[in-house]
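See the structures that follow.
The following pair of complexes shares a single chain, chain A, combined with chain B in the former and chain C in the latter.
Right, the complex of A and B next:
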């Protein structure tokens, strides 16, 4: 249980740090919100189903933008504070510590996603009539967990680089497009599909749309439960790779001495 | 009762190299040997100092000992555990206290900092809050426990660093440049706390480049320079290395680098060290025979604004300067 305590404590600590620095709201909430709003305005067309499709996608963009941005900061902030030595020298493995932070970040992303959703509903005067509310909530929660798993994967890759922010900025739009948040994947070139299908949020947003829209016709053939299954398989895969990556990162950081540089 | 002869740090043939590269097409790889084949042991309850100039290899050594870096070659055992193969066992039992401004989460309170570090360092939840109170009391921060760290003075931050390093009640504590940048009063507080930890039975390895600190605190000192330990003894033993030496201490203004070179070139001068406090310069000229050298030194500096010159007994600093001199 000590490892789980490290995760819970990291979640709580990340929350305390978030509230202590109100400016985090700008990149974590306001920027993804504004971006999602712009996309929604571009996307808007007479069909209310299409608007609802875009509203859900906008929410997803808010969640993803936050997860990506925050995972880039998961260890970079410790470099700034000078706490990276103490974090790395702790008997709790780094992955459990980062895990707590990533879950908090995904949680903020979810809140942000809901915020975008509600705001878009008000602005576009689109009442969201959820076709199946329990399935909607289930898909939402599982998407949160899969986002956290993807955040873990990115954060592990970002631990060794001092340029995490550059990478997160570069990855933001490809993922918005690739996951189908902006428009259906089938509109994209065929060669991009493997990338889209390898991202858990792609399946998550499709499952959310299945649960929310009664006559959702553009979804994957896997259907709601198939989407969830693929998403969870990918999330477990991300976590497995993250565990391996964090072990590799631990060894490499101790060998090359580059973890503490900033 | 603990065995006072029990070896808790055992370093054998430790080498640590860094590699760096420059250029893209014609990449040049450079190897720097930060620690070059050092051996030493520290016994339980001892306060052991690693003393050396900047870049000597002190911090690299401490990072290897605290599992933050892998040794390139050599064996390091901490409390019987290998730092490479059993790093998690080592981490549970050691504390790391760093000097300097950074190393704390400034935006949250001292209590929030300690609660976080207590959790990730495995302090049982049943004793965590009591332990936080105890360490805050020990470092005299109990009344400021719920103040944000950004509102602390530099000395208070250093006391919180100490609290953070001992929150999980480690057997062995590593202190890296504990008093760097502290005012004299805060530095004295930090040294007093260090003494209390030793009195509580902790073993401490301390790195510093402040001589008086090493002299006051350490049972034994390893002098490290250019990655090698060039002497390892008690402060008294190290001072005896320069017992046949006297020191001409000169205080004044306007002494140039060229003057220092001229002093070094004088026959009978062993080392010359200069330090500066605000505008005033202090030179320590180690000589074998002060009677014959004093007039020569006076003559050489006659055009400078010398405000005082006296012959002194050698201190630990003089032993250190002798050991780490360039031509050693």
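Right, the complex of A and C next:
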């Protein structure tokens, strides 16, 4: 229970930090929104299906942007504020504290994703005609959870480096490309496909498209439920590795005593 | 000592040297090299595959590869330069810098100098990717013309970044402005589709950003246009770059005045 209490406190603290400076949501919304707009402009006169295809990709990118920046800055901000050693010295394991932050960021990620969806729909005057709404919501939420698990994995690695900000900036486009957020991954070179399949959001965006587009022909042979299954297996794998990694990182940080360096 | 502070060139040089030292004091050189080689590759790849998927005859893979190769400069000239004032705030050095009698223009242009070198390297690598990985045909290219485009665009966009950076003096953070303009360029500057695709009311905004002239000139240079044919675009780009740099300096003085009078200088 004390661990859960640490998670709840961390969640509340992250929410308070967000409301203290809510402007940080702007870049996380702007980037995927602009990228979705660029893709739609390349179509020039997009069909309603093309709009929905691009906008769904934009929604996923919005969630990823938020997760990535939140995990990248999760510890980096503590370094700047001089609070990172206090967090490590607390009796609660680091992962429970980061877990609370991640859950809050996942909430904000939903808002991000939905904002991109709705704004693009309004601008391109295309009604949001989702083929199967309950399945769409299920895929949307599970994709967000898988992104959060991926974010946990990255944030564990970011604890050890002073260059988390650089890595955060550098990981945005590789995931957009690797997951096929705006195009089918079969267009990518064949040798990159295993990398794409190892990313849970690749399966997530495919499941979202299966649920949203009535005549989605470019999907994986696994189908909607197969996509969800693979995505959840990968998310559990990320979470398991991140739990182990947080323990290793905690041990190393105490040993090298250079956590505060930035 | 006071002679040095009053010499704008001396201030410019020491500011440039300090900026480079400060960057590598916290950034591992290996990480910098990774960023140099990695950033543009994935951005170009993203839009090349989108263009391949969309299959619009006007927006070919070559078109977006060249546009994004040049636009990769924005990570450095817009994002990094725009954050100069914000980083001074974060480090707690902005007050010391502004109470010194040193020429502001020399200090902040000096701070951006390393990013100009960084920008030139980033774009050169991005064009290598365009040729070697994304099969852009450079057989007709006017390399001198292309080098001139890269050089003028780098200077002009650094001026644009400095103008945005002045906002960081007054706002709590410059990073949000940097993020917004990093991506807005992809939409407005003819990087991924012709400016004529944009609504008419947005097109003047495109031509207020130097990159718009640069992307058009870069495509012409790759097709083999002579320096004479490029001179109109390069001249316009240099003029816009110079104008935004002067505007940036005036904005800087204005925001400095505002920040001093409202006591917001060290707020972040």
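The rule we apply is simple: the second predicted complex is superposed on the first by the 250 of 262 C-alpha atoms of A that agree within 3 Å, B and C clash if a C-alpha of one lies under 4 Å from a C-alpha of the other, contacts with A are read in each partner's own complex, and residues count from 1 in each chain.
As a working rule, a residue touches a chain if its C-beta (ideal position, glycine included) is under 8 Å from a C-beta of that chain, and two chains touch if they have at least 3 such contacts.
This is a predicted model, so every value here is computed, not measured.
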So, does A:228 touch the first partner chain B, the second partner chain C, both, or neither?
-> neither
Between chain B (first) and chain C (second), which does A:90 come into contact with in this model arrangement: first, second, both, or neither?
-> first
Taking the superposition as given, does A:174 touch the first partner, chain B, the second, chain C, both, or neither?
-> second
Check the residue A:42 against both partner chains and state whether it touches chain B (first), chain C (second), both, or neither.
-> second
Touched partner set for A:21, first chain B, second chain C, both or neither = both
Scan A:183 for contacts with chain B and chain C and give back first, second, both or neither.
-> second
With the two structures laid over each other on chain A, which partner does A:82 touch: chain B (first), chain C (second), both, or neither?
-> first
Thinking of the overlay built on chain A, is A:34 touched by chain B (first), by chain C (second), by both, or by neither?
-> second
So, A:147: does it touch chain B (first), chain C (second), both, or neither?
-> neither
Chain A residues contacting chain B in one complex and chain C in the other 21
Interfacial residue positions of chain A with respect to chain B in the complex | 2, 5-6, 8-10, 12-13, 16-17, 20-21, 81-83, 85-93, 97, 251, 254-257, 259-260
So in the complex, which bits of chain A are touching chain C?
-> 21, 23-24, 26-27, 30-31, 34-35, 37-39, 41-44, 50, 80, 161-163, 166-167, 169-170, 173-174, 176-177, 182-184, 187-188, 262
Would you mind writing out the residues of chain B in touch with chain A in their complex?
-> 18-19, 63, 66-70, 88, 91-92, 94, 96, 98, 100-108, 112, 115-117, 119-122, 125, 148, 164
Using the touch rule from the top, collect the residues of chain C that touch chain A in their complex.
-> 26-28, 31-32, 34-35, 38-39, 42-43, 45-47, 49-54, 56, 58-59, 64, 75, 79, 90, 172-173, 175-176, 179-180, 182-184, 186-187, 192-193, 197-198
